[in-house]
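Can you read through this structure? Questions will come right after.
Letters A, B and C mark the chains in the order given here, with residues in each chain numbered from 1 onward.
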Amino acid sequence: MTSLAIFGADLPYWAQSLLRVLGGAVAVLLPAGTIVYLFLFKMMSFMQSRLGPMEAGPYGSMQLFAEVGKWLQKEDISPTRADKRVFRAAPLVVLMSTFLLVAVVPFGPDAYFTDFDAGVFYMLAVSSISTLGILMAGWSSANKYSLLGGLRAAGQLIAYELPMVLSVIGVVIQAGTMNLQQIVVKQNSDEIFGWNGIGFPYILTQGIGFLIFMIAVQAELTQTPFDMPIAESELVSGYMTEYSGFRFLIFFIAEFATAGVFALIASILFLGGWGVPFSWFGWAPAGSHEIDNWMNVGGPLIMLTKMMVLTGIIMWVRFSYPRFREDQLQRFAWKVLIPVSLVNIMITAVLKVAF
Amino acid sequence: MQKPRIPGLLKGLGVTFGTMAQTLKPKKLGGGAATVQYPREKETPTVRARGVIALREDNCTSCMLCARSCPDWCIYIEGHKELAPPRRAGGAPRKVNKLDRFDIDYALCMYCGICVDVCPFDALFWSPEYEYSEPKIADLLHDKTKLGEWMETVPEAPELEAGAEKKKGK
Amino acid sequence: MTDLVDRQKLSYIAAQAADARLNVELETEGMTLNIGPQHPATHGTLRIIVRLDGEQVIWAEPGAGYMHRGYEKLTEVRTFPQVTALVNRIDWLGSFANEVPFILAAEKLMEVEAPPRAQWIRTILFELSRIANVSLFLGDLGVQLGAITPVFMAFRDREYVLNLIESATGGRFHPNFDRIGGLKEDLPAGWITETKQVMKKLRNFCDEIENLLFGNEIFQSRLRGIGVIPAEVAKQYGLSGANLRASGVDWDLRRDQKIALAYDKVDFKVWTHPDGDSFARCWIRLQETREATKIVDQLLDGIPSGSVMAKVPRIIKVPEGEAWVSTENPLGEMGYYVVSKGDLGPFRVKIRSASFNNISIVPWVLRGVYVPDVISILASLYFILGDIDR
């Protein structure tokens, strides 16, 4: 079973790579654009009793292109005293982390970029590369606000990496594998007390883990209430203060694309990925080809729906809450989230052995 | 005992969701956004709104009271004396002040309304018209013809609230 | 309350001691951060110079004057009606409230008193401008703390109040409606019923803000116990308004002084809070907005009929003398000391604006707090830059 088998041909290696790169670009940019339009432009506006962009295209749907055009035209300024090379590289590092993340996400039985056994491990490792990029941006900007923002970001992202890892471990224990594709298959083929109507999404047993994961994701994405590194009313814009034009756009895309990718990963780990809730039409273990081919088309759609719901919640929280203070945020991670997730792991392990 | 408390975090989410529902509700049912899409829809300003000053040139005697009372001196008046035909046949010709120039610089005007108040001959009026922005700041200097055109937009003074003393004459 | 302060001081001393030890070893030096003049948290161009040790403030100083417009000097070369138009612009969010004490001072010199109807309408508009001012504070508070939605709600509902002020006075921001001896015009028909509806909307807005912000656990944890100002310190620094009442001092000029406004005709509660922290200051303002809507409702029911203008000459010359009148403005005590030499304009006017005194406590209260708290404390002190710099 090769990846991209949906295209139905054994392509040469370069063509496969090209397709993967294109697919990756689509998988990153399409959700990012949709999220920005649907949630940042529209949902936020509705929550603030206004209509948001209405002029560019029907209901302002072309606004994003206008914005991108505007950013591309702007001058690429770097401060005189900035460390130019690092300053320019930083946004790319952040975006790279997003692209690397999407590489392990399975969209369907055969629709994935790579399929390897340490998927969860890889995902957690790669997601912290963005911390590096943010720290680089903060240091190299030669701006006190950026520096404060960068340091806050580093502290925060490391603190919230831990609960994220720990909350995922529960799922890994239950599934018995670290392969993301296998986790999805497992959730689809398991049954709830003999009833296999909707498979067995792990949110049912790992509810606490899911909650912790989503909180950690919120922090990892530096969205309100965890947006200390950006904190536009205190640190102006934190590590992004000195960026303009194209490089700011990259930060912007990375922010929302990462939100989408994390939502995808959450839906894989806890909500049954591309399968659930459609196992009722006769889910057979992966490999039976008629269903596989259907799911290769339906799976990405299911994933997209789940992603939209989850990012919707992320954004909803973002638009409603004020932000934490830095020390409160650290205290919350170390004194609440980590102990709770450790307890969760323990209980999961005991139950796994017991049943 | 007090009622079981909903956590404030959930209440906050409820408020934003409620506002979203209100915005998405069709206009007929009393919903809709608080904003208007400006160039397409317009809000009518109130009758008393101080939008632009209109000039009734015939009433002006170029007495300069308005120009002197303006806090930032944005009114420019020039005039000359002219002989007008006498009121009654056989009388001596009257001297009238003829207005040559009456400019208001809206780039300077702070819309305080003192000139309108101070005018003893009812030559200046407020109009609620507000759409006269210009690409060039020099074009904000309205001369007397332009100020005269604003007269068409001057509304009737509104009825007063119950209990108010009726104005005598004027 | 006192143990909160003690805790704050003790933690500060402990932090200093720890840092001193560290400094001996590592020779670290503090960082000077300019918050402002251009900074989103300063409502304009206030500059706050802070010396930081990590993220802890060890020294802070406000640098005012970036927007000084010289109103006290301008008043010397303007006539009384012109000064009324100018002083509107001091606290631009509650501009009607700026006119009232000045006009009252001038009336005191002239020994005229506005007719009762004018006094009632003045009081109503005074409270409306308080609502317009403080409701924006309630929204802006969210922005300072990172919540973006409340400010839009504040602007949405403040718009109703501004519309009311506009339909009565003609000016949304700068009414310039007061005249010596009364008001420019009477209210337009239908204004009273409209105002009553708007007051209902604003009470609803207060509830929304309470649910969205004040009940939020994150919000509370950000503000409770932060920036505690004990009553004695507040008095020493000359705080006034909600900042003073939040420290537990029961002092409100609306109730405490006999003045030619209709406050003695209504009963209202003066809210105080024992804590003196940032949360108390914000909470007091929320309650005052509610109280103001109730005051307006009560006043609307009993407006006496009659003229709105006393008999005064058309060209006003204020007789020689000196007068001081201060009122409880949205931001605190605002007063004018008017000296007249019998001319068309005042000889000298001293303006006591609330924000200038309120931010004088900044060096005291910011010592030992963290950078995020600097913002929340400044937000809770609530200053309008025009009110500081005049």
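FYI, a residue touches a chain if its C-beta (ideal position, glycine included) is under 8 Å from a C-beta of that chain, and two chains touch if they have at least 3 such contacts.
These numbers were taken from a predicted model, which means no experiment stands behind them.
S.K.: Among the chain pairs here, which one is joined by the most contacts?
M.R.: Contact tally peaks for the chain pair B-C.
S.K.: Which chain is the middle one, judged by CA centres?
M.R.: Per-chain C-alpha centroids compared to the overall one single out C.
S.K.: Using mean C-alpha positions as chain centres, tell me how far chain B is from chain C in Å, no decimals.
M.R.: 28
S.K.: Starting from the mean Cα coordinates of chain A and chain C, work out the distance between those two points in Å.
M.R.: A distance of 44 Å separates the two centres.
S.K.: Suppose each chain is reduced to the average of its Cα coordinates; what separation in Å results between chain A and chain B?
M.R.: 54
S.K.: Which chain C residues sit where two or more other chains touch them?
M.R.: 149, 153, 156, 212-213, 216, 218-219
S.K.: Where in chain B do residues touch two or more of the other chains?
M.R.: As it turns out, chain B has residues touching two or more other chains at 9, 12, 15-16, 19, 34.
S.K.: Please output the residue numbers of chain A that touch at least 2 other chains, ranges allowed.
M.R.: 47-50, 319-321
S.K.: Spell out the residues on chain C that touch chain A in their complex, using ranges where they run on.
M.R.: Within the complex, chain C touches chain A at residues 31, 33, 39-41, 55, 142-149, 152-153, 156, 212-213, 216, 218-219, 221-222, 370-375.
S.K.: Would you tell me which residues of chain C are touching chain B in their complex?
M.R.: 78-79, 81-82, 85-86, 88, 117, 149, 153, 156, 159, 163, 166-172, 174, 176, 184-192, 208, 211-220, 303-308
S.K.: Please give the residue numbers of chain A that touch chain B in the complex, ascending.
M.R.: For chain A paired with chain B, touching residues are 43, 45-51, 54, 316-317, 319-321.
S.K.: Help me check something: in the complex, which residues belonging to chain A touch chain C?
M.R.: These residues of chain A touch chain C: 44, 47-50, 144-145, 148, 224-225, 227-228, 231-236, 319-328.
S.K.: Would you mind writing out the residues of chain B in touch with chain C in their complex?
M.R.: Those residues of chain B that touch chain C are 7-9, 11-12, 14-16, 19, 34, 45-50, 69, 71, 110-114, 117-118, 126, 158-165.
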